[in-house]
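Both complexes shown next keep subunit A, but they swap its partner, so subunit B is in the first and subunit C is in the second.
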Partner chain A sequence: MSTHTQAPAAIALSKAAAEKKYPAKMPRHGNAGAYRRIVIGLLALAVLAPVGLIVYQSFLTAAFFSPRAKFGFDAYQYVFTDKNFYRALGTTAIFSFGMVAISVPLGGLLAFLITRTDIKGKRLLEILVLVPMFISSIVLAFGYTVSVGPTGFVSLFIRGLVGFVPWNIYSLPGMILIAGLSHVPHVYLYVSAAMRNLPSDLEEAARTTGASIWQVSRDVTLPMVLPALIFAAALNILLGFETFGIPLVLGDPNGIMVLTTYIYKLTTLFGTPTYQLMAVVAVVLILITLPLVWMQRKLLRNARKYAAMGGKGARVATLKLGTSGQVIALSIIGFWLFVSVALPIGGIAVRAFVDAWGEGVNLLDQLTFTNFDRMLEVPSLVRGIVNTVLLSVVGGAAAVAIYLMVGLAGHRNWGLSNTVLDYIVLLPRALPGLVVGLAFFWVFLFVPLLTPLRPTLVSLFVAYLVVGLSYGLRLLQGTLIQVAPELEESARTTGATIGRTWKDVVIPIIRPGLAGAWALIMIIFLREYATGVYLMGAGTEVIGSLMVSLLQTGAMNTIAALSLISIVLTGAGLALALRLGAKIHD
Partner chain B sequence: MNKHVSGRSMAFAVTTAIMTTFAAQAFAQEAPAGYPDGYADLIAAAKKEGTVSIYTSTDAAQSQRLQDAFTKKYGVSIAYNDLGTNGAYNQVISEAAAGQTTADVVWSSAMDLQMTLVQDGYASEYASPEIANLPAWANYKDTLYATTVEPIGVIYNTKALSEDKLPKTYADMIAFLKDNKAELQGKVATFDPEKSGSGFLHHSNDARNRSDFWDLAKAMGDDGAKIYSSSGGMKETVVSGENVIAINIIGSYALDWVKESPNLGVHFATDYTPAFSRLALITKDAPHPNAAKLFVDFMLSKEGQSLLAEGGLPSVREDVTAGLNVKTLNERVGGGLKPIAVDEGVLEYMDQMKRVQFLNDWKAALGR
Partner chain C sequence: MTELVVSNVQKWLGGLQILKGASFTAERGSIVALLGASGSGKTTLLRCVAGLEQPEIGEIVIGGKTVLDGAKKIALPPEQRNIGLVFQSYALWPHRTVKENVGYGLKLRGVTAADIEKRVQAILERMGLGHLADRFPSQLSGGQQQRVAICRALVYEPRVLLLDEPLSNLDAKLREEARYWIRKLILDLEICAILVTHDQSEALAAADNILLLQDGRIVQQGGPQEIYSNPNSFYSADFLGANNIVRAKVRSVDGSRTVIGGDNWSLDGTVREAAGLAASEDARAVIRVEQISVSDRPEAGGLEMTLDDSIYLGDRWEYRLSRGDFVARAHGARQLSTGTVWARIPSESVWVFSAGQH
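Entry: the complex of A and B
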């Protein structure tokens, strides 16, 4: 049990002392250095090819393949003297930080309640709290307009009661609230993954000595999951910079512009797409991520501090909430679920089965299945559903395997390659999916050996793999980091190779984490929309990107039907994953 | 020749022969009436190519009947890529630069981008046998063809506005927006020309043809108009009552919507109703050039045009009786139909300086 009692003590230890006690470096000999370098090198290639292309494009005066393209800083000059750019940048910053201020505390709280306490209905809650993630933000925002927009059915009901609608979702605070609430699951997944693996004896000890639930969560649990919270906060800031759907649907009609909608405008602003300007904004986004990564590395330098999963005794006993505790906790979760799940999904569900809604429209008169009937008549939409399932389930599993390979390559690796890894992982997440997708489209078009793959789902898979990298890899790393080094050390001491240690010690311990990661990646792939816009073609349609192209004509009936299907699919996928033994809680 | 043909390849050869014969019988071989003599050869060559790749901004649902009928008639399958206007343009120029052209036909409502593709040499010339049946403005140098004529109009919420209150002419609309400022405040919707290519086309075409366009823009701005990037998105808000009126939307969609949606009315100015067209071109290095020609001809034929018109995209041919055609549409909108001609005029605002100026004027008029 030594591991457990030492974990909090280790936090108090100075870095030097900790390193003396637990040498951070595994012996260089037989540390699979070649494997690490090859895997990380390949990953770097996959990430840096599109990113490099974007950087290169930003220094040109026209599309990189155009004969008119010359080297120059014109694009930078345009963007940096455009007052709309600064306005968008400022709005984006407020939006991102506001979002984090809502999602991180709420997500952390939810994770604590669900993983560390005996809250009722855990199994159901586990699934329900993830639901906002299932929906691409475009559809989520759309769902809110149907339920709580100016003439949404909930708004009209409230107006009937109090005489006016006390909120306005078409405003910056409205957008922040919606984005913040919808990003709670991202935080929850991260933090709960870390909390699930914490042994409970520390919390129990604190409880025995008279600490309240809140004291326990603040003084015992919180410090131990701090890295997960920091990861989650950093990622959410990036996500805030990258969010497209919510600002597009809710901000745009009133002229609230963020960087992604600014980029989007650049595709039409000059008639023909101005790739160099889009690239400049993308480069700005890349530059914003770098300090975030640096900060994160600094905070997490001594990974040993957080090793809490020992060889034995990782059994988790739950904290007793008591009756009043249960009521309060369930009310908080219930209200959040109502706002962030019932309202948008209710909106979408209603929209999927009606042709019209709003003031003076009796929804019952409008009830219809034609939205689905019409959708099923169009082969490309049906294909889109099949492809999405394939890409999420099979592609998701393949992605987890690849992330695991990369995760192991970076596991207890203090070499230069690991620094490289830390920096490249977050790059693609910082870029709008639209831009990443466009860059990959070009990579698959212009790199000779890759051209045959372009019209296949492989090109989409590679792009999705890179876009999902930060989530998937960090999730696996978060789990890997909690495997106490002495377990690996003892295996190595008794003569196991590093490969064998990974196979027989590390992987079995983190197996529940792998299944959870698969479920997560599946969700990420299912809801992805912007990345596929340029990559998909006849035969490789995916639901999310179909919705984006349908949005251009505004075929809302089909969009609503598609999004409901995608929600149902994801729900089914997650239920299946849980049943198959992906013990998300336990 | 090798006498020992293996059983399997023999069987394959036989199956292929049977299938080919079957296909040949199943689908009429003769050229449609009035087509040139050599047309049967074109059909045969297209069948041999087997497929045609279309890059388009038209939702598959709207053209599904056309696609199905084409494949049924000629046995040529369609790879239908709904990429949006910008997506289609981007893919075409990227593929051409990489020497990997996959698009055979580009069919897009962005008249300016289509014309740009033609001017920049991405299209190939093809004189369709259907030319004689098209209005002169619908054919640009045998390269770019108008396949639809879609009026630009107004939708409104019938609960908030009755039809008799609606302004009859373009000038009346400006006065109407000014006179009802209080009731309409924050409830007027229109296209965002910065984000939507269609929106830009609609507004800039008005600016080209109407000296009072800027008065309209100013009036919309004074009403606190909100801007959207799609007609469907605006319809959603007008039906729900969030907006009362939406200006410069795609009227052909609206004509279909009002049949099913409650609370929704469609309206056109009697003196001036511009109409845009979805334009089709065949790419320069089309991998399936014959199938591409066959498809364009079919799309322009009476049969193809009827199928499009049934799907809510009015025909450019006067002899089409299904749905609306260019003539009946003109009657429907009150006689002021002004199709945007397929010529270099649509490029006027592709000039960067003019474009930026237009957008700045627009933003100023809207008070943004």
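Entry: the complex of A and C
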């Protein structure tokens, strides 16, 4: 009996003793600790230096290289008393939330139809639905201008029918609608992944208790994918705050400004570059986007928790739509595809090959290659195309190699450096391409050692590297994590150092994933337009940024030709990605 | 010759101590089995020896070389420990052929290509895999993959071969064959092997020395017969063999002899509790199923019991016996009709332990 009464006390005592005596961890030797710290440290430098420079610049009274620059809050004072700034801030918020209100329900619906029903042509739809995501938004926006703008092909056609154009895309609602439609793929991507992981026995269980398809969708499916929907909404709000192309093309002509275009306009407002003001707005933008990124990260963790609850390899039973259901579902998707893919791309395709159009003009008579001929006569445009291809194909490969190095530095890393990496990767997501480009432009001006590199493609490449960092690293980490730990451990116990293990086991196994990642990074670099706006100079032109500067001059023929080239290149990249088996659904 | 010395290895995982001071040694030409239920820490202990986990306290010496010393903060990475590890999932590299998988360890050790070719072919032939040298792992059956994994871990003659549940992915028939040839191979090559398993028959059949782990501690160690027939705790007694567990009260104690009983029955037994037992204490008795012999005729010293059912198991019959709150299983060669039977239970086979805490 006595042992019984004493036992609990003894346990409590030993527990306390164990907690107190918890010994220090043994150091991990041979785990490439130095390599990991150096790579992550360099990455941190590459990400933090530009951000630091922006913050530093925002507290100066003039450009940082100017002898007149003093420490002060003048720039903040100017921006925070500027009516236009608050208007732009308000517009940005309305724009972002409006965009989410369109893209999230529509993306959710598309995801449901494509993953959970027996809709026809699923395989093709899965790819088509993602197309808007791969096209740069400046190309898309331009496409809408030429097809449904005030004098667009479709607008003129409608005016011929009813006598007036019943819409105006050069308005905030127009911008919101177009941005909302083109961001549907971002929602679709996350929600469809969640729906695929949803074991259908949960739905079947509900069906057997007597619920109808629609009741099941509402009461079981929707709550289960709610975390993914919320995540997608948060992501789209972030993208809304960072968007530049659509407001520039559609909002600017009518003076509708968002934060990014406000920064862009500050350059021209005073005649001389007002770096300190741009820096202040960039800081404000980062202060808004950083919490959004942080929130997303938390949401994603929760979403994973949900997904983990579902059974692995659960078979997904599809709902039978029936004939009328098929017609309705395909019409919805078809209409969306028409509006967000066919309209802009079709518009550009036509516009690129005509010189003049208008009421009563037969487009077929106007078909011409002049736009391309003229373009090829301008050296900067030709260089732009060459540079873009170079940056995306060669730069993309180099970027994958660098992301791989970073990925390996974080691969099975238990050290403090991994936490640093986690947070470093978050930062670029909070930085709009325009701001990253601006910041690197300053870095290359500021650091004497780097100045000779500024007029070369290297400066663009470094900026692109940071812009693509979170996406690219996620792609690579996704592939790396698929290598079973035993495959690496068995190499180690066989006698290979960690470096040999990476070289002989890890990298050969993920090689197919690397090829796919290369193709996807290539597309990301192809469609990038905002990053180069400040960085590009004579000799380092890229298609997207050329279009931004051409917009100011109104050279529509050239923009149309460049847009078409951009679309064709993106299409080639996408075809290559699919051929290499890239997981565009990740 | 002692190839492996493990002393007082302790490991924590997030505030939880999962190894609480494991110590053992292993000799060349013998197999040590780490046996235990899942969560007992046996795989963690193996991974500590391999260098894949880092214990906070303890010392490990492999082939005379200190690979872990908690006090001096020495912890050599796996590649400097000269070990071979066979993984439960075999972990063959999918992008390398059988030959390349097996030859990798030699290549890392700077052996010339011609020598690698010769030694790889020799070990593959020995295992009956010579004709598969140019295949990829995905083209092999589970049994072949397992043998390739063993070849890969053995070809460079490591000081210690570690086997992490090497048989659990094989089907039952292959498993019995495999545990025989693995034992034969290790004895022939005179290597020192550590085998982790949760399967007692695997440990009993293959090992020279069994370490029984419970909750991060080695609770008993000894030869297979010793550990099976002379358990020192209820856990050891219960973990091995097929057992009847009887809850009872201690009626009387006389040295190591005791009488336990319950509702309308009593039984002579042997005290096995290290701390001893006192009369009228709650107790648990472990009786190996094969120790009870059942007869349908009265026998001297037999306990009169009720046979509730005879169950056909193919090679034998299982009897379901009861008397009051004493319920037991026993085996026999023929079907007995239900009703009264006599069970002979030798008192040295009734191992009595204290009832433990609840």
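Here is the rule we use: the second predicted complex is superposed on the first by the 343 of 586 C-alpha atoms of A that agree within 3 Å, B and C clash if a C-alpha of one lies under 4 Å from a C-alpha of the other, contacts with A are read in each partner's own complex, and residues count from 1 in each chain.
The rule is short, and it goes like this: contacts are C-beta pairs under 8 Å (C-beta built on N, C-alpha and C of every residue); 3 or more make two chains touch, one makes a residue touch a chain.
Treat the numbers as computed from the prediction; the structure is a model and nothing was measured.
In the superposition on chain A, A:496 makes contact with subunit C only, not with subunit B. For subunit A, the partner that touches more of its residues is B, with subunit B and subunit C as the two candidates. Contact with subunit C, but none with subunit B, is seen for A:505 once the two complexes are overlaid on the shared chain. In the superposition on chain A, A:151 contacts subunit B only, with no contact to subunit C. Residue contacts after overlaying the shared chain place A:335 against neither subunit B nor subunit C. In the superposed pair of complexes, A:380 makes contact with subunit B only, with no contact to subunit C. In the superposed pair of complexes, A:80 makes contact with neither subunit B nor subunit C. Here subunit C touches subunit A in the complex through residues 10, 12, 15, 17, 50-52, 54-57, 68, 70, 73, 75-85, 87-89, 91-95, 104-105, 108-109, 149, 152-153, 156, 162, 357, going by the rule given at the top. Listed in rising order, the residues of subunit A touching subunit B in the complex are 63, 65-66, 145, 149-152, 248, 252-255, 261, 264-265, 267-273, 355-361, 365-366, 374-375, 377-381, 438, 441-442, 445-446, 451, 454-455, 533-534, 537-539, 546, 548-556, 558. Residues 53, 57-61, 64, 78-87, 89-91, 93-95, 97-98, 100, 102, 112-113, 116, 159, 189, 192, 194-197, 200, 226-236, 239-242, 253, 260-264, 349-350, 352, 355-356, 359, 368 of subunit B touch subunit A in their complex. Looking at the complex, you find that subunit A touches subunit C at residues 4, 7, 18-19, 22-31, 484, 486-487, 489-498, 500, 504-505, 508-509.
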